[in-house]
């Protein structure tokens, strides 16, 4: 059950033009840096990317945008990216904005084999247009929910802190975010990790993503882990 | 945010007749022994119990059955319990059998604020009778799913390995099972733990149930942890 | 008239001991600085953290530890990390006691608009639609009027909505108001602000009953 | 004719390297003992474990570590624990490659009945309905005929169903059969069993094409 591949290039070898990819991370936190670099190098085009954000101009998914590799972006928030804005306004890039909880839950639904979920997010807004809605009794009162479908992605690409060769993953702090959800949701799931260990080295009670969901794993290199908003306080 | 109570008696103080309770555990593994004992002592009657199993004659939920405290049992499997069988056949006890995955997911749905979920479990069987069903396209083929509603429980009573005074919980091995799901699903959630620690003593990456879901916590005593099927192999 | 810090301080007084609170970006973030001492409050950050602490000391920033505004932060004892589905799960199941967020417009039935201005680049709703659709209690921190002097407390929002009939209370530079079935109910005036000034700055239905006290802050 | 161990051994030959496998209670549990050496297979136990190992040595039983049959077990390196929702999540999303379970009846379109006998105490379906409704590949281990000599491979199940049109393959004491749109297709005979005997023991539609080989076990 060894799922180790040599590096990002090998992990993404069969990602081709026009595929749908999920990419883990929140802002620049917990993003699969190595695979993004490899996708830029490979030059695949026409990608549909499902990710909470679109990176910044020169990092994260922004690198794919620079090379015009993204046809459609599905995200909850795409701020702070001038090239993104330019491509969007020029009609080069298609964007679908989705409430963050809906995005997360549609990933989870795919990983849990649930074809659709119900959420109140977006009821009464333009997000609800064209969507099926339904009322349920919640806490004794009628409440309206939208039906939202599970995502269908060719590949999920996630970043974990540690992983073992069988694909078990452990995330760290808020770098967890969408990663374990997308790891469950890809038809093929690629995990890059800061430290790849042997089976048995991870405590089975601490594993966030069981290896059954992961198809390929490798230890990444040269993590930059860029900080988007460096906020600090002074020591006294 | 200290949620500590002294003991099981105090934790269950306001559980009254005819309430609906969720009880964690799989078989006799990971069951809230202290609270069950306290419920027997308190003598509340007419309970609806949601739990994967119904215990054995003289342990677990079986103790509540002995005292005729259970009106209705919602479970996936109720084997190995003669008193249960007697009460069921005499019409004293009402039983609703639910597929195990449906049971688990209806708990999760409650904890995740989803009023209903879709599952293929039970399609074409007597479980589907009277239930709304719906077809979705899955992997290119039409597949039928049942709509199943989130549970609505007055109290969830769970057992964890460790917990801190803010209600954060860590489970151990297969004693996790339904516990974290029910912990999320109760209107009021009571957790009994083998070891109660101070905030900061649990690694925040290892917490299975964040304290926001837990209302009362205490360190249990005298855990018997009975084994239902002792299976072993000989050395050499 | 209140400044941003004044609004944050006034909102902080709405927090109760034992609350789990989600703070939006902007003025709501400032509220954390004014939670009364001795009160036990847990801050939720919807990117996956309960128990958010202050910004880190210089040199101790951790790229793996950020809040929903992508700012480097710290944790407090008792914190817990989780994934985004569980995060919005606890929001949807109403485990978060209080949500504080900014708005561009609020209507007198509690509709809120805070994510999109037609003709301008839309950055996205992030978690705002999930939060407003599910929160038990939403307090909005906002400016009473826009730069042109036009009211942002309206009969009906003109901007695309983020959520409907969800806001419970509003704190502006001029006033504190509740949302009631009859419209905005004036509760308090900012220091030095008259009821007349608030009336003039409010386009939506405004209920004024009895003497309206001036806010007490600090 | 195969005994229980023979059925388990024959089913073990269906396992491929890299498979994630869920084994039901009874004969399916025995299959674990006959997985070909050198093959990397991970066993899923639906109560929340991937990487189930053998029974513990005497004196090393751990009450917190059991399988779905409530038996004390062990783990293997690389195992992972998870809650019941994730467990059935991975089952529903078809991440488990092979499910092996017992049955009381199977019909020639792949319906299965294995949870309830009218008039007898019903213990419950446990995880069986979830497993059969979602599994990519289901092999059933069962007796070809009941004690009265009546076939359990039917045109239509008489007992209440567990799932519909889901079984892919059946291994009995007499034969190995696939489920096809045309009915049961006979693949192999048990040692010493004739095609005629299998025909007589099968009430559902049975397809016999060409020479039917005898099973090779061990």
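Each chain gets a letter, A, B, C and D, in the order it is written, and its residues are counted from 1.
By definition in this document, contacts are C-beta pairs under 8 Å (C-beta built on N, C-alpha and C of every residue); 3 or more make two chains touch, one makes a residue touch a chain.
Note that this is a predicted model, so its numbers are computed, not measured.
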Notebook entry, point to check: When you check each chain against subunit A and subunit D, which touch both of them?
Noted result: B
Check: From subunit A, how many touching-chain steps at minimum until you land on subunit B?
Finding: 1
Check: In angstrom, rounded to a whole number, how far apart do the mean CA points of subunit A and subunit C lie?
Finding: 28
Check: Once you find the CA centre of subunit C and the CA centre of subunit D, what distance in Å lies between them?
Finding: 56
Next item on the list: Would you kindly tell me how far, in whole Å, the mean C-alpha position of subunit C lies from that of subunit B?
Entry: 36
Margin query: Could you pull out the residues of subunit A that touch at least 2 other chains?
Written below: 105, 112-114, 119-120, 171-173, 176, 204-205
Note to self: Among all residues of subunit D, which ones touch two or more of the remaining chains?
What the structure shows: 75, 81-82, 85, 88-89, 91-92, 94, 134
Checklist line | Pairwise touch network: line, ring, star, complete, or other | finding: other
Check: Name the touching chain pairs, please: which are they?
Finding: A-B, A-C, A-D, B-C, B-D
Margin query: Please output the residues of subunit B touching subunit D within their complex, sorted ascending.
Written below: 26-30, 52, 75-79, 85, 88-89, 97, 99-105, 107-108, 119-127, 139, 161, 171-181, 208, 225-235
Checklist line | Touching residues (chain side subunit C, partner subunit B) in the complex | finding: 18, 20, 40-42, 44, 50-51, 75-82, 85-86, 88-96, 134
Checklist line | In the complex, subunit B residues that touch subunit C | finding: 1-2, 110-114, 164-166, 168, 184, 198-200, 202, 204-205, 207, 210-213
Check: subunit A touches which residues of subunit B in the complex?
Finding: 105, 112-120, 136-138, 143, 145, 149, 170-173, 176, 204-206
Next item on the list: Can you check the complex and tell me which residues of subunit C touch subunit A?
Entry: 45-49, 54-73, 75, 81-85, 87-89, 91-92, 94, 111, 121-130, 133-134, 160-165
